[in-house]
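After this come two complexes, each holding chain A, first together with chain B and then together with chain C.
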Partner chain A sequence: MGYALNFNLIWRHFDKLWGGLLLSLELAVISIAIGVVIGLVLAVWYVSAGRIVRAVIAAYVEFIRNVPLILLVYLVFYGLPTVVDLAYSAPTSFVLTLSVYSGAYLVEVFRSGLEAVPRGQLDAGKAIGLTPWQRLIHVRLPTMLRITLPALSNTFISLFKDTSIASVISVPELTFGAQWINFNTFRIVEVYLVTTAMYLVTGYAMLFALRLVERRFRAAR
Partner chain B sequence: MSEASNATPALLDVRDVSKAFGAVEVLRSVSLQVKRGEVVTVIGPSGSGKTTLLRCVNFLESYDSGSIRIDGKEVGYREAGTRQRRSERDLAAMRAETGMVFQSFNLFPHLTAAGNIMLGLTKVRKKSEAEARQAAEHWLGRVGLAHKADSLPAELSGGQQQRVGIARAVAMEPKILLLDEITSALDPELVGEVLAVVRSLAEDGMTMLMVTHEMAFARDASSRIVFMADGGVSAVGPPKEILAADTANERLRTFLARFRASHF
Partner chain C sequence: MLGQILYALPFLAEGFAVTLWVSLLVVVLSLIAGVLLGVGLVYGPVPLRWAVRIFSDTIRGIPILVLMFFVYYGLPAIGLHLPSFWAAVLALTLFKTAQVIEYLRGAVGSIPKGQSEAAMAIGLTFRQRLTYVIFPQAFRRFLPPWINGVTDAVKGSALVSLLGITDLMQAVNQVIGRTYEAMPLYILGALIYFAVNYALSLASRRLERRFSFIRE
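Now for the complex of A and B:
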């Protein structure tokens, strides 16, 4: 073995990784937040809408799910500004892309959750005189949330990992920081080991937190 | 049907209601009156339209023709004759006047026993949290569950859940209570506690229309029994008359004979 591990250079540039991780989290949180709004609104609309609206929403979901994220990132960052007169920074462009991307996945999660709410509960809501809007807010959404939390956790963690794609348009998130250190120190094994560990720990921490929330909700079933 | 006398107008007046699911006629020109304070029980073989009839009364199901009035007001449609559905807001207001208890309880799983009762009181009756809580505790006390106010449905037995279901319905102070086979999903040893609650409500003068397979209970608690077969009303009368083994109505006699054979 001619290769001796040496982490010194990694620690010297660790601020690139740490700052990168924080930016990754920021990108994920903002995109997921917007994605949740898109997903919820479209899912609620879908289950109560007619054929045309359903077809349009389904087309959006299918389009996003069948195109690789990296292509969407290129399209939005390089393609869109050349067609329409728009100017945005790389992070903004990526948040826009990931929001629309996560929205499509979350529509599916929320839609299946809404459809899984037992009919009897909706009947009970009707029977006490709740209006459709009240039934949605006080009966359907709370139950849907309980049903979808496990799937939701998986989607959130997936989306967090997807922020690494932002490196292809030079957004200085965690993977980009790792690449920078690699180019400047050639400690390829060390830097990617450390980076992998950082994704792993963060992802696991998210999972743990979400499981806690799930357990709280499950107790309240 | 002289027992639905003209002295007091019926609180619930179902007239010639028909409904089909595709080619299947589930209700054939059903007429039925329930006066204030009366307990009317609907019996009949499964598939005879009992549950559908009950679900039409609070418009959980629509019907194709006929009229259903509560306190003189047409339930699901704007006025008799027109087939124009009421607005969702109107329907919600109408439904708040009827209480319903379901075979499968249908409690809201994310809310406590008290929370289940309070939801309608705060959102529909616009009571304050404190008032609603007080009412919830009162009704939970009535069904013998004062100590379970803060329990979630999952922490309650079937009989307890159903009693919460009853409390949720009556706390809204409905004009009429609809009970849809409310003991059918219960273990036999839990049936009694639920029926005891229904009996005490009947003694308080609550108007009720119920579907049940508990013949002994139907006999003891009902003012009148309606026998349905094939989507139509086949016989109506006081319990003693309807449940008599030697009734002249052949379908009823067959039903009762089969029923006795399978239950005793």
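Now for the complex of A and C:
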């Protein structure tokens, strides 16, 4: 094979990758934050709602989970502005998409967590005279969070990896930076090796941090 | 508008056939590779275990899109020329294989150790132990998540559109390029993907319920 590794051009353009990684993280954090709010509100609503509300929430969850993210990204960026009078940048469009997308996955995570909270805990809360709202804030949500943390960590990391799809609408995140270097320097193997390493290190750093959080909450039991 | 969409339907159907073909190839190839490597991970000698573990953790740790560009642009760079269709299938298969390895590890790991020991005690060889004792039991735990994971393969196949392959996603984009009817066509495309994947996840849920009696 006549391919000699040469990383010089990668380091010369490393700002494309580094800046890209920071943007990837930013996209992930904002989308996940919005997604968590969507997920929590809908999950709490779902477990106490009537049949119609449940059907609507379930429809949202099932629809999003069974459609490719890339299609949703195109739909929001190229499709939506043709029917509603809205103008937004590619990053905003992607954050919007990933928020709605992560919301659907997080509703599922939170819902199954809420259903796993032991009945006795809620009865105990009632017995010491907590109002329904207090039971939710002080009993249900904290217990649910502890149960769902491992599943939550996995979802967060997979959403971070999903930010690579933003490159298809030219959001200059990490995958886009890698492609730019690929097309402009042709140091193909090198750039994807470095990009792979950057995704791996970031992903495992997130996993490690989340595992620490999990352990901390387990100890508090 | 409706006329244009009806006119485009045969073209979309061709793209849909490519989507199904890619998904089928990926699912079958990854099942074979994943089961073999998964057995290697659980029962293999230590160097093999490490190799499979590193493979699986690396592949699952990067975005599927990066893996696809790596394979598509990287293979020719080192002198391997695959048609783009097969490069895409290879990348998606690598990704799915890592998932199958983990399903298999989970399923086999859930079988109590005593089963293996009992099989050993009655003198079954390694292959007999797998065929008659471990796999029939592990199968029931393997199937539901695996079928659920087939939906990931169908969704992942939409990425091959980025390599210029005319799958359903690409067909939708091309029809939009001609008709400028973006929203109806994206929704139509989404509904087609939804129909396939929702059917698969319903099947997975049914199987899970069907096999729920083994939750001792």
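Following the convention adopted for this analysis, the second predicted complex is superposed on the first by the 221 of 221 C-alpha atoms of A that agree within 3 Å, B and C clash if a C-alpha of one lies under 4 Å from a C-alpha of the other, contacts with A are read in each partner's own complex, and residues count from 1 in each chain.
The working rule: a residue touches a chain if its C-beta (ideal position, glycine included) is under 8 Å from a C-beta of that chain, and two chains touch if they have at least 3 such contacts.
Because the structure is predicted, anything quoted here is derived from the model rather than measured.
K.L.:
Figure out whether A:139 sits in contact with chain B (first) or chain C (second), or with both, or with neither.
P.N.:
Touch partner of A:139: chain B, not chain C.
K.L.:
Contact-wise, after the overlay, does A:127 reach chain B, chain C, both or neither (first, second, both, neither)?
P.N.:
The answer is first: A:127 touches chain B but not chain C.
K.L.:
Chain A residues in contact: does chain B have more, or chain C?
P.N.:
Looking at chain B versus chain C, the one contacting more residues of chain A is C.
K.L.:
Can you list the residues of chain A that touch chain B in one structure and chain C in the other?
P.N.:
none
K.L.:
Would you pull the chain B residues touching chain A in the complex into a rising list?
P.N.:
Residues 58, 60, 88-89, 91-100, 102, 104-110, 119-120, 123-124, 152, 154, 168-169, 172.
K.L.:
If we count contacts the way the header does, which residues on chain A are in touch with chain C in the complex?
P.N.:
Against chain C, chain A makes touches at 1-3, 62-63, 65-72, 74-75, 78-80, 82-83, 161-165, 167-168, 175, 178-179, 182, 186, 188-189, 192, 195-196, 199-200, 203-204.
K.L.:
Note which residues of chain C are touching chain A in the complex, please.
P.N.:
The contact residues of chain C facing chain A are 58, 61-66, 69-70, 73-74, 77-79, 151, 154-159, 161-162, 169, 172-173, 176, 180, 182-183, 186-187, 189-190, 193-194, 197-198, 201.
K.L.:
Would you tell me which residues of chain A are touching chain B in their complex?
P.N.:
Residues 118, 120-121, 123-132, 134, 138-139, 142-143, 146, 217, 219-221 of chain A touch chain B in their complex.
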